[in-house]
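Sharing a structure with you now.
Letters A, B and C mark the chains in the order given here, with residues in each chain numbered from 1 onward.
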Amino acid sequence: MNTGLKKLMAAMLAVLLTVSLAGCFGNPDTGGTAGSGDKVVLSVINYHVGTDFGADYYSYLFDSFTQTPAGRNVEFKFEEIPTTDAFNQKIKLLIASGDLPDIVLNGGNNITELAARSGKVADLTPYFDADPEWRGLFDELSLEFNTVDGKIYGVPVSKEISYIYYNKELFNRAGVTAPETAFPTWDALFAACDKFIDAGITPLGMDSADSGWLTNLWFSALIATQSKAGEKWMNTQYPSNYETPEVIAAAGQLQRMLSEYTTPDAVGGRYDPMATHFFNGEVAMFPNGPWMIPDFRSPDKAPADFYDKVGIMLMPHYGMEMVPTPGDMVGATDPAKIDAAVAFLKYSTTVENQIKALEMTGLQPVSSQVTIPNSLRASDPLMAQVLDISAKAQITYGQNQAYWHQNVIDAFSNFLPELAYGYITPEQFCAKLGEAALKN
Amino acid sequence: MKRITLLCSKYFFMLVILFLSLAPIFWVLMSSFKTYSEINSSALSLPSSLSLNNYAAALKYAPIQKYFLNSIVIVGAGIIVTVIFVAMCAYAVSRFRFLFKPVIILLIAASLMLPAQSISQPLFSIFTSLRIFDTKLGLILVYSAMGIPMSFFVMLSYYRSIPFALEESAYIDGAGFFRTFFSVILPLAKPGLATVAMIQFINIWNEFYFALMLTSGDTARTIPIALNYYMSTFANNYSALFAAVIMTITPTIIFFIIMQKQVIDSLTSGAVKG
Amino acid sequence: MVRNKRFWITLFILPCMALFAFIYAAPIITVIVTSFTKYTAFETPSFIGLSNFKTIFSDNDFLISIKNTVIWVLLQSSFHVGLGLAVALTMRRRPKGWKLLRTAYLIPNIVPTAATGVMFTLLFNPSFGVVSDLYTRLGISSPVPNLFGNSGYAFWIVTATWIFYSAFNTIIFLSEINAIDRQIYEAASIDGATPWQMDLYITLPLLKNVIGTCVVLASVAMVSQFDIIYVTTKGGPGTATLNLPIYLYKTAMLENNYGKANAVGVIQIILGISLVLLIRWLFRTRDKINGDGSGLL
């Protein structure tokens, strides 16, 4: 080795070492002492960051809270964790180790039950009891959904609904008349699908990767609209028997839809290419919730006039998915912090903020007392139409991400392709789901 | 004739490898200029424009400059610590018999495949109680330790290929333990050290799990976390993701080229075998 | 012969083992101990003997994940390492462009897994990916194979995301080849040996040891392969790409069953040890270069 090189390497080593050491010991303190004397510092792990659909709304919410009387003394200390997948991994670790943040946002995945059973989140029932006006904002179902062993742990901020978006232009081209509210039966929907196929148009948007979101919406609707028993099954938290006649029949119809009525990339595919098929006018009907509406106007995602081409209908039999959402929790142990955290959660559910959330992100108000301002009709007619049509639903039901165990959702996503290609029968598919449910 | 066929097939093979190597990065580069719609509706088309919008979006969504610097510090230190510690430890183990030698080898072999998910929980507790949670030091320690098992076995095998006779003559000449190691063995083990550094770099540069679990803020987070900012399930922005990948990978590639020219060539020259 | 031998050995081993113990000691003990307990997200550990191990060995998914892991290890230690060796041997005589190739070959290794995963799923999308493009160009009208979505192909396409990228091994081989005395080749060349014969009779035998090392490294990497499978197929469709780390992840994160997950962890630890033993035994050298004769183990 020549001396020049030796010097170069020594220099590089030296630089790296100094940089590293400076980096190691130059950290600011990590304790909770930031801010002036009597401020209450609330730690939050926020997953509404980056490209998350709620990023702007949540940054507004946290900012504006510190300007209210209740929040004037509060200072937030944020940890950002992009994606709910990463967020849930970390929250599970923190539940186990007992280091939960003061405000525990809820990223789904049965976190409420996990946190409540661990005893590391605060029982919020007394706060609800002490403020009847606040409690009155919520319907019983929403609160029940956030109750474990008789105690309320989560404050739900929205309701989740979904239905079908359809492309009016493609309906015209295939000569299919779109129903005003919904196809009366699944057979009517499938008959329309056949017409689309004849016209060379793919009728349905479906997927299977991640959690198989779109397919799950079809599946839930199929089960719930089979019969009264199906409706009940689809409104049950953690069902254990997946081999009921309704579920098996629905799986059979799902198999048909996956193999005949959707795009070739639906099997094994993620949500995004499927949404793009819909934006590009390659798919006639697409199940989803109101949070998709802002995308119809996004210049990056959809063609310029796409928003005007979209219509809305309910699932056949006037079915609509509607579930309470898992609410945000309080992980603080210090009484002052618990009070401040509850104050924030109250603030996040004020009527004004529910409307704000609806306008900014399409999150549906959790409270039925929220009246939609007329301005919305002009600025976002599609969103207003959602609110109108949801009142016409005759059957409402949940969907698997709200009601199933994590590993059953995973089995659903993993075995959909097997079902689609006929490697397993609908019966075997349902047996696989049941097998997974038993592991819990 | 046979010679020409041989030559042709050799170059054909090289071309195939070159294509397999450059195609992904070229594809990522092209995609970094595409829109959401273009990315999700055609895999092979060229971008409609070469606008830098995605690059701006990438910088807006995530603190990638900060995380990139963190990555450099943490990965750099992680490599140096592992290389130095393992060079010494593996030398002692490869050359001498002592009481706990089998135990050491067994322990290190046991941790070769220790799953990250299983060890994050105890590590988290240790780190918070020692106040090295969410520090660069904490991640450096984890990454250095993570590099030990693989590096250890690579170095054992390298030391093994160095003839004993060289050291024996050094000892006869009156050199001590440390001098023998430093001026006889280490220069010969340079290829091994370079290999270890390279493996360590690739393994920890893309490490996501511990970077997420053992940090809570911007002081110690690394590039793989930054990339997650573009990956929200129903609202991802792959265009920005690819733009961020290009921005962070370019300096790395340049660094590699310089390293290869200046360091690897000199490190790996010098014959000892045969 | 060596003065203060014990002092120096201790000094050389201590820093490494101290760091190792600091990070690994508590976790290894925790994993092993809790693998014998009933330990879920809802309850604190309580001893249940071998129950977790009985459960996983009677779980068909677990056996499939072992099978897939074994196939991947075999493929990786043969084809993958072999390809790395072939590239190194091609570069040995420094043909035109070898430096470019050496640097280029490394690049795929530094592309983040998240991006690689997205890239491959989009590239092989049956509606608009490479294959459908090829089918259109060639005028093939049969349905485009859904490489990631159909369990008939998924295993192989997931394998293809990593099997060709063997730059690691190439670098290791190249540095080893460079250490071979040039004079041997010159002598062989004078004796009229063809390049092929030189590789076969000179280079390869001298690389035997390092091939063993590469096989160990490749196998270890395969047994712990997680990221790219997680971002492409998550072990599906069905169980087509399920391997041990994915199985463990699902047990810990989706079933919240930490005791059972740690039992899988223990099996991975045992697998790690036996793999090292097995491969060292396969590649054991009969010629003792060094006096001590102790190689990897």
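Please note the rule applied: a residue touches a chain if its C-beta (ideal position, glycine included) is under 8 Å from a C-beta of that chain, and two chains touch if they have at least 3 such contacts.
Source: prediction; values computed, not measured.
K.L.:
Which chain has its C-alpha centroid farthest away from the centroid of subunit B?
P.N.:
Following the centroid criterion, the farthest chain would be A.
K.L.:
Counting C-beta pairs in contact, which chain pair has more, A-C or B-C?
P.N.:
Most C-beta pairs in contact, of the two: B-C.
K.L.:
Counting in whole Å, what is the centre-to-centre distance of subunit A and subunit C, each centre being its mean C-alpha position?
P.N.:
About 36 Å separates the centre of subunit A from that of subunit C.
K.L.:
On a C-alpha centroid basis, what's the spacing between subunit B and subunit C, in Å?
P.N.:
Centres of subunit B and subunit C (C-alpha means) sit 14 Å apart.
K.L.:
Which subunit B residues touch at least two other chains?
P.N.:
In subunit B, residues 40-41, 121, 228, 231, 238, 267 touch at least two other chains, as defined above.
K.L.:
Return the residues of subunit C touching two or more other chains; collapse runs of consecutive numbers into ranges.
P.N.:
122, 125, 128, 253, 258
K.L.:
Which subunit A residues sit where two or more other chains touch them?
P.N.:
Residues 89, 96, 273, 277.
K.L.:
Applying the document's contact rule, which stretches of subunit B touch subunit C when the two form their complex?
P.N.:
Answer in residue numbers: 10-11, 13-14, 17-18, 20-22, 24-25, 27-28, 31, 39-44, 81, 84-86, 88-89, 91-98, 104-119, 121-123, 126, 141-142, 144-146, 148-150, 152-154, 156-157, 160-164, 168, 171, 176-178, 181, 191-192, 194-195, 198-199, 202, 205-206, 208, 223-224, 227-228, 231, 238, 241-242, 245, 249, 252-253, 256-257, 260, 264, 267-274.
K.L.:
Quick check on the complex: what are the subunit A residues that touch subunit C?
P.N.:
88-89, 92, 95-96, 114, 117-118, 208-209, 263-265, 267-270, 273, 277, 405-407, 410, 413-418, 420-421, 423-424, 439-440
K.L.:
Once bound in the complex, which stretches of subunit B touch subunit A?
P.N.:
35-37, 40-41, 61-62, 70, 72-74, 76-77, 80, 120-121, 124-125, 128, 131, 133-137, 140, 187, 212-213, 216-217, 219-220, 225, 228-240, 262-263, 266-267
K.L.:
Sort out for me which residues of subunit C touch subunit A in the complex.
P.N.:
The touching residues are 41-42, 121-122, 125-128, 132, 143-144, 146, 148-152, 154, 233-239, 250, 253-258.
K.L.:
In the complex formed with subunit B, which residues of subunit C make contact?
P.N.:
1-6, 8-9, 11-13, 15-17, 19-20, 22-24, 26-28, 30-31, 86-87, 90, 95, 97-116, 118-119, 122-123, 125, 128-130, 133, 164-165, 167-168, 171-172, 174-176, 178-184, 206, 209-210, 212-213, 216-217, 220, 223-224, 226-227, 245, 248-249, 252-253, 258, 261-262, 264-265, 268-269, 271-273, 275-277, 289-292, 294-297
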